[in-house]
Amino acid sequence: MLINCAAYRSGVKVEDFSPYDEATLGRHLSDPDTFVWIALRDTTAEELQPFQRLFHLHELAVEDATHGHQRPKVEEYGDLVFAVMHLVDWVDADLSIGEVAVFCGPNFVISVRSGSRLHFLGVRERCEREPHLLMQGPSFVLYALMDAVVDRYFPIVDQLESELEEIEQSIFTPGAQLDNIKRLYELKRRLMRLRRAVAPMLEMLSKLHGGRVPLLCSRTTEYFRDVADHLARIHAAIESVRDTLATAIQANLSMVAIDDSAVTKRLAAWAGIFAVATAFAGIWGMNFEQMPELKWAWGYPAALGLIVSVCGLLWWRFRRAGWL
Amino acid sequence: MLINCAAYRSGVKVEDFSPYDEATLGRHLSDPDTFVWIALRDTTAEELQPFQRLFHLHELAVEDATHGHQRPKVEEYGDLVFAVMHLVDWVDADLSIGEVAVFCGPNFVISVRSGSRLHFLGVRERCEREPHLLMQGPSFVLYALMDAVVDRYFPIVDQLESELEEIEQSIFTPGAQLDNIKRLYELKRRLMRLRRAVAPMLEMLSKLHGGRVPLLCSRTTEYFRDVADHLARIHAAIESVRDTLATAIQANLSMVAIDDSAVTKRLAAWAGIFAVATAFAGIWGMNFEQMPELKWAWGYPAALGLIVSVCGLLWWRFRRAGWL
Amino acid sequence: MLINCAAYRSGVKVEDFSPYDEATLGRHLSDPDTFVWIALRDTTAEELQPFQRLFHLHELAVEDATHGHQRPKVEEYGDLVFAVMHLVDWVDADLSIGEVAVFCGPNFVISVRSGSRLHFLGVRERCEREPHLLMQGPSFVLYALMDAVVDRYFPIVDQLESELEEIEQSIFTPGAQLDNIKRLYELKRRLMRLRRAVAPMLEMLSKLHGGRVPLLCSRTTEYFRDVADHLARIHAAIESVRDTLATAIQANLSMVAIDDSAVTKRLAAWAGIFAVATAFAGIWGMNFEQMPELKWAWGYPAALGLIVSVCGLLWWRFRRAGWL
Amino acid sequence: MLINCAAYRSGVKVEDFSPYDEATLGRHLSDPDTFVWIALRDTTAEELQPFQRLFHLHELAVEDATHGHQRPKVEEYGDLVFAVMHLVDWVDADLSIGEVAVFCGPNFVISVRSGSRLHFLGVRERCEREPHLLMQGPSFVLYALMDAVVDRYFPIVDQLESELEEIEQSIFTPGAQLDNIKRLYELKRRLMRLRRAVAPMLEMLSKLHGGRVPLLCSRTTEYFRDVADHLARIHAAIESVRDTLATAIQANLSMVAIDDSAVTKRLAAWAGIFAVATAFAGIWGMNFEQMPELKWAWGYPAALGLIVSVCGLLWWRFRRAGWL
Amino acid sequence: MLINCAAYRSGVKVEDFSPYDEATLGRHLSDPDTFVWIALRDTTAEELQPFQRLFHLHELAVEDATHGHQRPKVEEYGDLVFAVMHLVDWVDADLSIGEVAVFCGPNFVISVRSGSRLHFLGVRERCEREPHLLMQGPSFVLYALMDAVVDRYFPIVDQLESELEEIEQSIFTPGAQLDNIKRLYELKRRLMRLRRAVAPMLEMLSKLHGGRVPLLCSRTTEYFRDVADHLARIHAAIESVRDTLATAIQANLSMVAIDDSAVTKRLAAWAGIFAVATAFAGIWGMNFEQMPELKWAWGYPAALGLIVSVCGLLWWRFRRAGWL
């Protein structure tokens, strides 16, 4: 589905037009100072076909853009650059992954978004407000789109970090272990999902700055380096959360064991105290005929006193040992 | 055993013929625009011998193709390319590994499949329907075979992912831990088996695109890059499942410990309650002569009431502490 | 906010002046043997604007310097070098991270510090005391600042190491496990925070010595190598603490389990001893008419003796088995 | 100690002779189409000295060959190649490590075996049966020796894999955990021993194929690549066993915990049942005068019935909860 | 502090002399076939100053040599090579780390040892006994020192390996777990300390053989490769111990759990047996009037017999189940 399409000369918008109007499109493409920027979403192969023929898009790239479920990548097909990025968004308290594919040639840029509600209208507006930057051509648009995609990762990684911090608050709280392990596990899953968007994109971005850069992007390498740097920060944050998560899971297991051990101690202590009481009572409950103390007037209170004293002594000792 | 054999000129099938008919074969090979595509399965060294002589196949490659149990690889022998890939298939609810070896020269391609029911008839059909692609020659056939092999990994990795999700459903279910650890272990084993097919193939594919590419494959690097990209996706999915599996195993252990701890608490609580009852009963079961309460008319109901009250109080406190 | 600003000719300070006085600044910049060193802190984009125009600072670099929350990096923009480093400091017994950004050109160096109380006055003083070194120009100032930043990591890593050693003292102390796991977890978090400052900086420093070095820094590579070496030492120490921490967490879990096991044994032992006493007492508390021993004159003492003997025997055996 | 020695011209054996007979040796060495193959075992520095002088063997290589306890390696000394490989063998149900060192020059190959019963007589025989291969010279002999060494790793890794499978059979068997952890630990130790032979050899083999290859081996790189490929397969199998072992050890720990938890539950259940019985019996064992039920004719059977009913009810509930 | 100093011409000692005698030193340095070898220990900056001036030692290198606490490294300063190595020694049953710094120029070598009792007198003696090797100049001395340092790592790693083997003897011994975890932890700490000496040195040695080698060392690369090889062996041994240690710690935790589980079972068993006895005794201790069996002449022995029989049956069943 077409979102919008416009032609830009020297960074300034010339006109909005329908890219399916081949005459207008042809006129713009024949002007060497002009490039067209076409934004599509949830596109079928049929919708892309006219562009494929006109811009010589490689069939494999078109397949990738329409089929979806690609991993983030940057590929060169001749003098064209084809990029796929993941759009990560919160949907119903879980991370949902969409995609945006960008075809970028000397005088055109086509973006195809799919499976996500995130849009790039703001990117176009901002670009149009800065003609001195936009006049660098399609590769600047590619940068602007990448930058927008990466900027949307920041709040997500922040959210994951603050979730971790929240769990950390209760990690040493007795009795919260079951809840904690569930939340840690869920957090790990989300983190891995985000990581699968970030890690290959970081790898791919290294093709656009430093080393051998596609000719198309040679004037904007500093911008791509900046995106790569932001992404590296996100990646470092993810790795850090991941590492801390692993430690938190171990700490949680330790806490379960410590908690269990405390209960075992308490159980041992009370069981001991009552076992003593029961044993003493059992002794004086025996039916021997010759048990002189049973006949003493103060036998019963003395027995009770003895039992209470022994139990009290045990209680005090267990208390001191930290078992109670 | 021969499956089929045909000669192709400019991407169009010329004729099916027996590769053991040397006259016909020689005629096709002498035509520079023609290549032959021979498909074999479960081949002995004897069956390969005529081709080895005719196409100058290296003895080490022939050995690998007939002996089986190779790891996935791509090797150059002079201007020939020799590739081995793993075919992964579900047999009796377990992963079974077969192999396909492909000899690829300037005017021939020989595929030798072994130890698997998966076949490539569909690949030949699809190639024949697209002569403009098939005219790129034997390296396109090599690509088509690789693509078919890799495409068959997708449902398997999807299956493993959904198995993991299924286990995740019950990972925090009390009492399911024994079952879960068994299933996690089994899943891990399958995953490792798939990984042994995927990881070396990913590595080997890097020889066919980017960097120094065999001359034979120089016109189809973009296709091999696409296969590599699919494989990288599968590999990332495997690594992700693997990482999540490790966390799941830890979470499972935590759950066992949490479950055990809950039982210990309950045990402690009930043991405490009954120990109190027994101790009180033991006290009044003593045989002292001077125990005035034993003579009171309402002594027995009062004692029972006291015991029940104390036990009830304990029960309430344990309940509140979450032990019961 | 401006901290200070001075011009240096051949390593000797010429004068302190306000960098916003464009005439003086222009005069110094026009002298090829002179460079200016401007120190700022917590700067807004507006404060940097005059310098951005005058020194042709790249907008992305200026953005990074004012926005903060960058990861440590070294970037070349044309013949300028832009570096960001993390300042790590103890604030309220926790690690606080600030930043310092340095713009370094052929005849100027601008440092922008933010979010930290750590300052670099000492660096300027020391540089001014060694004109023969300072005459190497702005890249020596860059080195001096880096060296100061890295030198401040040493006491922090030492502190973390000694915290670990302190925990190690009590790691095998029974009953200290809960405290230990908390401290180990806290230490791990601090360590990861320091690591996020050190690891990318180590990586970035490799751009300033060995391999292709920015022209600006070509005369001071040996100094940058020295900083890199210090940093590598810190990094190795961090990795070592990290590795030991992981082992300590495992050892702590083992200790909890060992402690729990000891308690279980003790519980088993005492429970066994009293269960025996209670069982014996219960036997002689039965109301059978024909129990001859109940009538024996020395029946009671004998029974008591038997109970004590059996219990004592059990006690002795449990003692010998190490359960008590 | 000398095993055997022969000269080969164009791949065909010329004669067996004593390498200490310098005249014969000299005659063979002066013929450019001839090379000599000397096999030694458990050699002292003295025995090697004549060859060291004659073939210009480097003193460090000679030291390595006689001292033993080297790690697998391939080193170039001028135009000579020196290789050390580990011989792994089962001795008394444990893995024993021996070594073979090979000096390889343009017209000679000397193999020195030490600390192992494994011999290479079969290698020489097989080489002599294939003169068209052996005529490739000393580097083919080096290949043949390496191939023989690596071929002997296969049954060992197979054995370790089947040991793992055997343990896996009983990993979820209750009560086998102690035995399993012992066997897993033992298996891990053996695996690490094999790995120390395989991993450095894999690394070293990359020097003999692909990249810069010693001149001596340039005609046989395809053979060395084949050995490397076999070794990579062994290495992958080792890593796979290693990874599965780690999971098995975790699964074993989970099983211990699950087993323990089951016992705790059963203990809790039976303790609860008998505590109830004892408490009830204790109640009616009290000596209050006014306990009307004691006087009822059917009091005793009713009490017994009540006790049995309550215990039965508990038993049934515990049964249903899976505790018994 | 000066240890000794001598001049060598063509590998033969010319004379011992004081390096502070500048006339003699100057005479030797002016002879192109002569080099001087100065050995110092625990040196202050002042002691090094004359050499710093004379041999143009870089201030950063001098700082490193006098300050200590460097990580192992090899650095080039112009045509000089500066190396720092760790000396590892047993002091009071713990590993103590000292350092040796070596300045190596075309006609001099200065070694500065600090913080260790290990000395290099034997190295000088051995070198002087082999003039044909020593005539290779200062880089051979550097090699000889490195070789001596590395040779001293071997007994340490052997000691750590045999400590591990000793612990392994008792790893499955019931009751030794507390001791084992302590020893494993201690071993891990020592291992990490050794590793911090070995790992960076291995990395640094790669600069002295293979790839771009400092001119000074170009004639002795084969010797440095040999040292690197020894070090790689030590490193592999360390990694192997480390890996086994991790498994041993896990196995130890399993053993604690297994041990605990065994105790729990035994506790459960005995508690069950005595609970049955107590319950039966409690039944017959009830005070119902109509309990016919109490009046039977053989009631008591029958009751005793029943109790013993039931307990015996339980004992036998628990025994068979492996709980006792």
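Think of it as A, B, C, D and E in the order they're written, each chain with its own count starting at 1.
Basically, contacts are C-beta pairs under 8 Å (C-beta built on N, C-alpha and C of every residue); 3 or more make two chains touch, one makes a residue touch a chain.
These numbers come from a predicted model, not from an experiment.
*Asks:* Given that chain A and chain C are copies of one sequence and touch, is their interface built from the same residue numbers on both sides (over half shared) or different ones?
*Replies:* Interface between chain A and chain C is built from largely different residues.
*Asks:* Go ahead and note the Å separation of the Cα centroids belonging to chain D and chain E.
*Replies:* Each chain's C-alpha centroid was found; their separation is 24 Å.
*Asks:* I'd like to verify one number: the distance from the centre of chain A to the centre of chain D, where each centre is the average of its C-alpha atoms, in whole angstrom.
*Replies:* Chain centres of chain A and chain D, defined by C-alpha means, are spaced 40 Å apart.
*Asks:* Do you know which chain E residues sit against two or more other chains?
*Replies:* Each of 250, 253, 257, 260, 264, 267, 271, 275, 278, 282, 285-287, 291 in chain E touches at least two other chains.
*Asks:* Is the way these chains touch best called a line, a ring, a star, complete, or other?
*Replies:* It is a ring, because the chains touch in a row that closes back on itself.
*Asks:* Could you list all chains around the ring, opening with chain D and heading toward chain E first?
*Replies:* So, from chain D then chain E onward, the ring reads D, E, C, A, B.
*Asks:* Can you list the chain C residues touching chain E in their complex?
*Replies:* Where chain C meets chain E, its residues are 171-172, 222-223, 225-226, 229, 232-233, 236, 240, 243-244, 247-248, 250-251, 253-255, 257-258, 260-261, 264-265, 267-268, 271-272, 275-276, 278-279, 282-283, 285-291, 322-323.
*Asks:* So in the complex, the part of chain B that touches chain D is made up of which residues?
*Replies:* Against chain D, chain B makes touches at 58, 60, 64, 69-71, 73, 75, 77, 175, 177-178, 181-182, 184-185, 188-189, 192, 195-196, 199-200, 246, 249-250, 252-253, 256-257, 259-260, 263-264, 266-267, 270-271, 274-275, 277-278, 281-282, 284-287, 291, 293-300, 303-304, 307.
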